[in-house]
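Take a look at the structures listed below.
Common to both upcoming complexes is chain A, partnered first by chain B, then by chain C.
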Partner chain A sequence: MYRRLLASLLRWTLRLDVGINRVYPADFNPLYYTGGLSNLFLTILILSGLFLFFYYVPSYNEAYTTVQYISERVPYGQIIRGIHRYSADGFMIVILLHFFRNWFTERFRFSRDEPWISGMMLLVFAGFIGVTGYVLVWDQRAELLVVMTGNALAAIPAVGGWLRNLLFGGPGLTNLLLPRMLFLHVGPAVLLYVLLWWHYVRLRHPKVWPPAVWTLFSLGVVLLLSGLIPAASQPQASPTTPPRQLAVDWLFLLPYVSLKYLTPLWLIVLATVIIVYGLYIPYQLPETRAEMGLRESGIAQVIDANCTGCELSYYDCPYNAIVMAPSPHPGVTKAAQARKLLAIVLESRCVECGICIGACPFEALELPHFLEQDVQAKVLTACRS
Partner chain B sequence: MTGVDNDRAAAYGMWIAILSLVSLVCVIGIAWAELTSTGHPAHRLLGGGLIGVVLLAYSFILLFLRKGGFTGV
Partner chain C sequence: MPELGPPPKSQSQSAPAPGNPARAAGPGAAARRPKIVGFLCDWAVSAEGIVREDGTMRDLPNVTLIKVPCSGFIRPSWLEFALKNGADGTFVCGCPLGDCFNRLGNNLIQDRVAQMRRRLERQKIQPDRVGTIYYGLREQEQFVAAVREFSDRVAQLPAPPPPPPARRPAGVSPATPADGSPSGPTPAPEEP
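Take a look at the complex of A and B:
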C-alpha cells in the first residue's frame, strides 16, 4: 500500500519536473535547487537578523517600542524587517518542498538516511525559531502564543512544568521570558549551520546555492513583498487585557490553530508522532534481498534514451565518476527529449557502488550485471559492516 | 540558426529590451524615492519594492538570455 502510494507520488513528482522543464531549461528547474534555495533564504535571514539584533531590546517595556523604532525611524528598517519576515516564509516553503520532493523520489535510500535525519531536525528547528521570532515582537499575538505554549507544555505529564520553566523562566510572564526567547531565536539559528554541516557531510556534490536566476528572483520577491505588504505588529501586549483571537500564520502557527480542536496533550502527542514518523521514513520500506545471487559486475552504464541531463547522478557520485557533457541528440523518453546535457560515466573512476542508480529518478543508469535490488542489498551490507 | 531559432531569439530579445527599460525606469524611481524620503518615509517602502522589481526583471532577463539562445549550454 505504502509502496504503491510512493510510486504514484513519484510519478506525479516526475510529471511536475517534466512540466517545469518545458518552461525552464533543465538546469534552471527550481525543484532541483530547493536545498540551495533554503540556504539562500537562511543567509538572508541571518544577515537581516543581525541588522535587527543591533536595535532590539528584549524587555517587556522596550521590545515592542524598539521593533516600532526599527520600522518607523531607522532608514530602510521597515524593508529589512519585511525581508526578515518574508524570508522566513520562503525558508519554510522551500524546506517543505525539499522534504516532500526527497520523500516522493525516495532520496533517503542508499545510505542517505543521515541527510534525511539532519534534514528533519532542520525542519523542526526552523519551525521552532519561527515561533520564537513571533514572540520577540511582543504584541498581542506574542502574548497569546506564550499563554498557549505554556498551557500545552504544562499538559505534558511529569516534565511539562519543568519544560515551561526552562523556556519561559517560570509560570506566567516573567522578566526572563524575552531574553530567553531571544536566546532561543538566535541560538538554534547557529545550530542550523551545525545541522547543515551534518546534512552535507555525506554528499559529494551538494547544490548549496541556486542558480543566479533563482537567487535574483527570490531576493526580488522578498523585497517586493516587503515594500507592498510591510511587516506589521499587532497592538502592544498588555497583561491586563489578554487577546482572545490568534492572527494566524499558516506556515509557523498551524499547531496553535489545531488547539481549537485538540487538547494540548493530544497536540503534543500528535506532534511527537509526526516527528518520530518523519525520522522513521528512511527505514520504513522493507529491505529487498538479492534474488539472483552475486554475479560479475561492470561499471555503471548510462541509458541514453532515458537520461534527462538533470545532473542528479553527477552531484551524488562520491567518486567524481560521472560528468555532464552537451547532449549530441535528444533522448527518447518524454522527459529526456528536451535535455541539453548527457551523463557520461568515467570508467577509470567508477567503483560500481550503485549510488548513481539510487540518485537517478529516471532509470537512466544501471550496473549491467546487477538488478536494482542487488545494488541496494550490496549497499546495505556495506553500511552495516 | 534556422528561421524558427531566429524568430525565437528575436521574441526573447524584445522581452529582454522591455525588461531592461522597466529596470531603468525602476532605478530612476529608486533614486527619486530616496531623494524625497526625508519628508515622506513611506517613499523608502516604494524604493525597497522597486529594488525588488529590478531584481525580478534581472532574473527574467537571465532566463530569456538562456531561452533565446544568447547564453548557456
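Take a look at the complex of A and C:
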C-alpha cells in the first residue's frame, strides 16, 4: 500500500522533472537544486536578520515601536524587513520541496539516513524559528500566538505548566518573554548551521548553491515582493484589547490554524507523531537489496597490491565512504611501490554504487560480486552474438 | 537470433562499399546494422519491457544492454574494450544530469567519456562511436529513440581500419584478455 503510493508519487515527481527539463537544460532544473536554494534563502535570512538585529529592542514596550522605526525611518528598512519576511517564506517552500522530493525519489536509502534525520531536524527548527520570528514583531498576532502556545503547552499533563514557564519566563506575559524569543529566534538559526554540517558531513561535493540564474531569480522575486507588498505588522498588542482573529501565514502558522479543529493536547500528540514518523521514514521499507529487487554487488574492496594512494576514489566517493590512511607497507605493482597512503572503505557508508571503481585508474578497487572480468565477459558475449 | 550471427563480421567490411545511399534506402539497412554495446544504470531508464532475456533491446536487436549499479561505475577502458572486440559503438546511459541517484555518478562518467573521446581521437578511432545518454526511470520511449539515433549515427561512420590483433581476444576465453591482451584496460590517470 505504502509502496504503491510511493511509486505513484515517484512517477509524478519524475513527470514534473521531465516537463521542466523540456523548458530548461537539465543542469538548470530548479528541482535538482532545492537544497542549494534553501541554503541561498538561509544566507539571505542571516544577512537581512543581522541588519534588523542592530535596531531591534526586545522589550515589552519598545519591541513594536522599534519594528515600526525600522519600517518607517531607517533607510531601506522596509525593503530589508520585506526581504527577511519573504525569504523566510521562500526558505520554507524550498525545504518542503526538498523534503518531499527526496522522500518520493527514495534518496534516504542505504547510508543516507543521516542526511535525512538531520534534514528532519532542520525542518522542525526552521518552523520553530519562523514562529518565534512572528512573536518578535509583538503585534496582536504575536500576542495571540503566545497565548495559544501557552495553552497548548499547558495541556500537556504533568509537565505542561512547567514547560510553559520555561519557554515564556513565567505565567502570563512577562518582561522576560521577548528576550527569550529573540534568543530562540537567533540561537536556533545558529543551530541550523550545526545541523547543516551534520547534513553535509557524509556527502562529498554537496550541491550547496543553485546555478547563478536561480540565485538571481530568487533574489529578484524576494526584492520585488518586498517592494510591492510591504511587510506590515498588525495593530500593537495590548493586554486590554485581546485579539480575536489570527492573521494566517500558511507556511509557519498551520499548527495554530488547526487549533480551531483540534484540542491542544491532540495537536501536540499529532505533531509528535508526524515528527517521529518523519524520523522513521528511512527505516520503514525493507532495507536489503534482495527485497528491493536490486543486485548485490557487495561492498567495494580495495586491492591492497594495486592501490597507489592517489586519492581519486576518495575524491569521487559520493558518501565519503573511502578514507585515506597512512600506508603500513608498500604495494606490489610498480605504481604502488612508493605509496604514502592506502584507501580504506568504511563498510557502513558504502552503498555498492561502484563509483570508486570507475574513479580508480589502477584497478585497485572492485565490487566483489560484479568484477571487471564479469563486465568484460558480458561485453564479449554481446560482441560475439 | 539467426540474423545476428553474420552481421558483425560482414558489416565492418561491407560498410564502406554501399556507403550512405544504402542507409538512406531503409529496408536494406538491416543488413549492416552496427553492433552496439550499451551500459545502463540500474536507477536510470527502467529496462522492463524494452530488453529481451539475452540483454538485446526488443526494438533494436543490434543493441545489447549491460546493467550496472551506477553509470559512474563504468571504467572508460571497458568502452574501449568493447570497441576493440568488435563493437561498432558503445554508450552509457545514466540518470538525467543533476539527478543521479548516487548524486554525481553521471557527471563523473560524462567527464570521463569526454576525456576518453580525446584519447580515441589520437588512436584514430572516431570518437562518435562513444556516446552518453541521460534519461530517467520512465522515459523509455525517448531512450529507445535516442539509442536508435545513436545507432544510426554509428552506422554512418566509415569503418575503422581493421586491426588484426583486435580480433584475437574474441576467440580466447573471457578471463584471459583481462590480464594479457594489450586491448584490456589501460591505466590512464585521469584528473579528479
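Heads up, the rule we're going with is that the second predicted complex is superposed on the first by the 288 of 385 C-alpha atoms of A that agree within 3 Å, B and C clash if a C-alpha of one lies under 4 Å from a C-alpha of the other, contacts with A are read in each partner's own complex, and residues count from 1 in each chain.
FYI, a contact is a pair of C-beta atoms (placed from the backbone, for glycine too) under 8 Å apart; a residue touches a chain by one contact, two chains touch by 3 or more.
None of the values given here were measured: they were computed from a predicted structure.
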item: Chain B versus chain C as contact partner of A:219, first or second or both or neither; value: first
item: Which of chain B and chain C A:15 touches, first, second, both or neither; value: second
item: Which of chain B and chain C A:141 touches, first, second, both or neither; value: neither
item: Comparison of chain B and chain C by chain A residues contacted; value: C
item: Touching partner for A:27 - first (chain B), second (chain C), both, neither; value: both
item: Touched partner set for A:84, first chain B, second chain C, both or neither; value: neither
item: Partner chain in contact with A:312 - chain B first, chain C second, else both or neither; value: second
item: First, second, both or neither for A:353, with chain B first and chain C second; value: second
item: Touching partner for A:335 - first (chain B), second (chain C), both, neither; value: second
item: Chain B versus chain C as contact partner of A:377, first or second or both or neither; value: second
item: Shared chain A surface residues [contacts with chain B and with chain C]; value: 27
item: Chain A to chain C touching residues, read off their complex; value: 10-11, 14-15, 17-18, 21, 26-27, 29, 32-33, 105, 107, 203-205, 294-295, 297, 310-312, 315-316, 318, 335, 351-355, 357-359, 361-363, 367, 370, 372-373, 375-385
item: Residues on chain B engaged by chain A in the complex (per definition of touch); value: 37, 41, 44-59, 62-63, 66-67, 72-73
item: Contact set on chain A toward chain B in their complex; value: 24-25, 27-28, 72, 75-76, 78-79, 82, 212-217, 219-228, 230, 326, 340-341
item: Contact footprint of chain A on chain C as seen in their complex; value: 1, 4, 8, 35, 37, 42, 54-56, 64, 66-70, 72-75, 78, 81-82, 85-87, 96-99, 101-105, 108-109, 112, 134, 136-139, 169-170, 174-175, 177-178, 184-185, 187-190, 192
